[in-house]
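There are two complexes below, and they share subunit A, which is joined by subunit B in the first and by subunit C in the second.
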Partner chain A sequence: MNIKFKQETFRDDFSFQNSPEAIRRFPFPFHEDKYMYSVNMEPHVPGSKGHAYETLIDVDEHYISEMADRAKVLKEDPLRCQALPHMMQAQWDTLELLMEQMAEGYPDLFTLTRQADQWHWINRPLNIDQKFTFGDVTTLPCEPMEYITRQSQGDFCIVDQRDNNLWMDAGIATTQADWSLDFDIGMNFMEWHGPVPLAHQMGVFERALKFLLNLQQGKPVRRLNWTMTINPRLDTSPENYHKWGSDRMTVTPENVGQKVHLRCELQSLWRLPRSNAILFVIRCYLLKMGELVEVPKWGRRFPRVLKSLPPELVDYKGLTRFRDMTVEWLSKYDDGKPTSPGIYPD
Partner chain B sequence: MLVNGIKSRPVYTGLTIDPNAGRHLFALEGEGPQALFDQVQQVGAGFLASAQILYVPTTAAPKDHAAKIAALKPDDLWLAPTIAVLLNRFRNELSRATMRTRIYVAGTEGFIGQVMRETLDFGVDHKSIRNEHRGSEARRVQCVHCKGITEDVKTSPYACTHCGLNLLVRDHYSRRLAAFQGVSIEAEEPGTAPPPEELFR
Partner chain C sequence: MSINTDMAVRVTAITQVAESVKRFRFERLDGKPFPVFPGGAHVVVAWKDGGMIRRNPYSLMSAPGDTSAYEISVLRVEKSRGGSAFLHEKVKLGDTLSLSQPVDLFPIDQRGRKHIFMAGGIGITPFMAMMDQLSKLNQNFELHYAVRTRTHGAYWQELTERYGAHRVKIYCDAEKLFIPTEPLLGAQPLGTHLYVCGPGGMIDGVLGTARKLGWPEENLHSERFLAPPPGAPFTVKLTRSNKTVEVAEHQSILEAVEAAGVDAPFMCRGGACGQCETNVTACDGEILHHDHYLPQADKASGKKIMICVSRIKGKEITLDL
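For the complex of A and B:
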């Protein structure tokens, strides 16, 4: 695997863009021409080469720049990374899982050497060489979850399992679609999903919770979620909503291709071995409309999906101000031909 | 205007007396004693012999609830001048509380939330606490932007008392913060905040 890492920004001048390879590996979240909530979970197993599913913890061309953006967010607002005191064992579980997966998926980039509790981690892209004692917090520069997630793309929640429920008791969130870790930490599964419309009444969360309570170690699962973001901004937090909200006013028929992004979350869920907690990885991918239409199937499908969204979803996902303009812009790429089933390009 | 029907919003199930408790620890605020009086009417005053009552009379026009509680002769009645002082004492009581202690809380939502939050650190299951909402529906709200908490919010939107942003009050509630969430109502188009609407009387 030969990844050419980019130097780019997700704020200010927004220089982020996808290479042609990155466009084709984008996890497009629509398997048909319409969308509604469902318990769309499937086994998280390695997928085809050249797709985001190729390895289970995906590292891509945006890795270095995303980690730089995370460091900036944390410097500004340390509350984006929090763990309740009883989550320390689950933090170590998380560190182990991510190091193992990254070293296995990208042996040329990451190396993990272990002799009993003496561990040696090498992260070549970020130029990190760390020897530490597994289980001893004092041998790392910060707590284990923060340490490894400063080196892993995506947001992470560690959820504790007790009383037949899941509790969001630790996490790091710097690339989130408008939810606050600081507000939601300590909540159970139903509570932190409280603001999501329609899905509660559909029984989606009850079924999903039942499914996740029985998640087995070594059998991770995944699902895709999505929203849309104006400008390639990773940190669309509620904390900073008053700073980025007005981006939504800046869309014009001329700049849709550059400004409007499909934001896909590849969510994977892993049972952790010692703590019995679940690691919830929320990996964010951005795709400009101008990039999306490079794949003809997606250019046909996405305007159809947007047109048929229930109004509650348009509102909840914050699309109201620019949906119609985006549909209009995209419609010249929809020739009305049928699309093939599934998410992959033809 | 108000974002309604959210699952994290607390439900107050009533201050029913637990006949099996060895000790009854009450934290009451403002109109909260009304819930206690209702229970005395229903099940008699027997439980009061093993009841400790912490009360802060905070309502604007306080009725003489304190004297009425005292007349019921609970094992202990302690009056606090402010919620903060009551919370201190409550924490102290929790640190000495034994098995078979039942906790009861009644008053405004903000008060109930703050008392419930104290119990988190002691590992008390929040579902084991008997609570009843009495008095004003004003809310305790956290500004998601500056994290400042504003007490007694009666309108939505309201201006954050810390950073001044006009905030929509959501029904999303955090037990850990004992607060509802306030989010900028004009983030997308500054200057478009609608006038405050009194929603929580």
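For the complex of A and C:
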């Protein structure tokens, strides 16, 4: 794997864009021409080459720039990274898991060597060479979850399992689609899922909770979630709503291709070995409408999906202001031909 | 969702650790390290016994951080026609078996400021791993361990040596020494968590006392080594796989269904995890719920059954499987 890392921004001048390879590896979340909210979990096993599923913890061309963006967010708002005191073992579990997966998936970029509890971590893209004692916080520059997630794309929640429920007791969130770690920390599963419309009526969360309580070690699962974002902004947090809320007003028929992004979250869930907690990885991918239509199947499918969305979901996902304009722009690329099943490009 | 993550293992040591208790050491055939596991976890051990496959859950009692081997300790159950007799009498060094990934239904509450473990007999096994984990984290715990006689009790000597008599207290029935549950539970600091594993009567007694003393439910943890009870034979109809299966006197529904080649989900095989919950389409008799997973309302509805331990009194049950 030869990744050409980009220098780009997710704020101010928004220079982010995807290379042709990055477009084709985008985890497109619609397997048919319509969308229904569902829990749709599947085993998180390595997928085909050249797709975001190729390795279980994906590193792509945006890695270095995303890590720089995370550092900026944390500098402005340290509360984006929090862990309750009883989560220390789960933090070490998380560090181990991410280091193991990255070193295994990208041996040319990351190396992990272990002699009992004496660990040596090399991260070449970020120029990091760290020796430390596993289990001893004083041998790292910061706590283990923060340490490793400053080097891993995506947001991370560590969820403790007690009393037949799951508790959001640690996490780092700088690329989140409008949810707040500072608000959710310490909450249980039902509480933090409070506001999704329709889903409750369908008993979706009860079933999801039951499923996750029995999530097994060695058998991670994944699902895709999606929304849309104006400008390639990673940090669309409620805390910063004043910075991005008004972006929605700036969409015009001329700039849809450049400004409107499909935002896909690849969520993977892992049972952690020492703490019995669950690591929830929420990895965000952005795709411009102009990039999406480079894949003819997606160019046909996405306007059909957008058109058929129930109005509550349009509101909930915050698409109201620009959905029709986007459908209109995309319809040039929909020649009405049938699409093949599944998410992959033809 | 069936990805097979079972691990093929070889028996590399068998040790008689007390009267009727043997310890088995397993190493992986593929030479890979075992996953680290949380103290309190069990694995399902599977092996061939003549024409049938046996699958029994056993708590891991080796050090959770030791990835070179897994160890379990098995009590030879007196009236066993099943697994524990086979493990004690037939299994030899070098034999191969299969282990599931570890599953923890008896986790340590990481918020606990102090942890009290109460073990009866073979119920000591999960605590061996939990104590190893907590001692490495310098956390505060105490073990109260009831054994029938000093020769029946496994590990009491080495545990006392390792953790000290101030943390490990042994109570021997034969010496008329019993765990002083009430005074003990009455005098604990706030933030203490209690864990009980042993015979059903002991667990009920200890938890009852704790509740009477006002312990919050979140601080009470227990694990039962439940095995599927025998009963009169009956017939199971499976609507989705379109099969009819006879459940014998000493079989569980799950075992009968597996023997018929139908893959049903399970994790604990002891009525605790909820994984084998199955919808009942029809039943001409009474469901005997032996699990401690289903809420009372679900049990009363007659619409759900945990097929790893529950059976029916009657002729036939139809399941959505």
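In the analysis below, the second predicted complex is superposed on the first by the 346 of 346 C-alpha atoms of A that agree within 3 Å, B and C clash if a C-alpha of one lies under 4 Å from a C-alpha of the other, contacts with A are read in each partner's own complex, and residues count from 1 in each chain.
The working rule: a residue touches a chain if its C-beta (ideal position, glycine included) is under 8 Å from a C-beta of that chain, and two chains touch if they have at least 3 such contacts.
Predicted model only: the values in this text are computed from it and were never measured.
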Open item on the list: In the overlaid three-chain picture, which partner chain does A:Pro43 touch, first (subunit B) or second (subunit C), both, or neither?
Closed with: second
Open item on the list: On the A-aligned overlay, A:Pro238 touches which partner chain: subunit B = first, subunit C = second, or both, or neither?
Closed with: first
Open item on the list: So in the superposed three-chain picture, is A:Met249 touching just subunit B, just subunit C, both, or none of them (first/second/both/neither)?
Closed with: first
Open item on the list: Quick check on the superposed pair: does A:Gln217 touch subunit B, subunit C, both, or neither? Answer first, second, both or neither.
Closed with: second
- [ ] For A:Arg321, decide between first (touching subunit B), second (touching subunit C), both and neither.
- [x] first
Open item on the list: Considering only the defined contacts, which subunit A positions touch subunit B in the complex?
Closed with: 79, 180, 182-187, 190-195, 200, 238-242, 244-246, 248-249, 321
Open item on the list: So in the complex, the part of subunit C that touches subunit A is made up of which residues?
Closed with: 1, 3, 5, 35-38, 40-41, 64-65, 101-104, 107-111, 133, 137, 217-218, 267, 273-275
- [ ] Going by the contact rule at the top, pick out the subunit B residues touching subunit A in the complex.
- [x] 3, 6-9, 120, 142, 144-145, 147, 165, 170-177, 181, 183-184, 187-190
Open item on the list: Can you tell me which positions in subunit A touch subunit C when the two form their complex?
Closed with: 41-43, 45, 86-87, 89-90, 160-163, 210, 213-214, 216-219, 221, 273-276
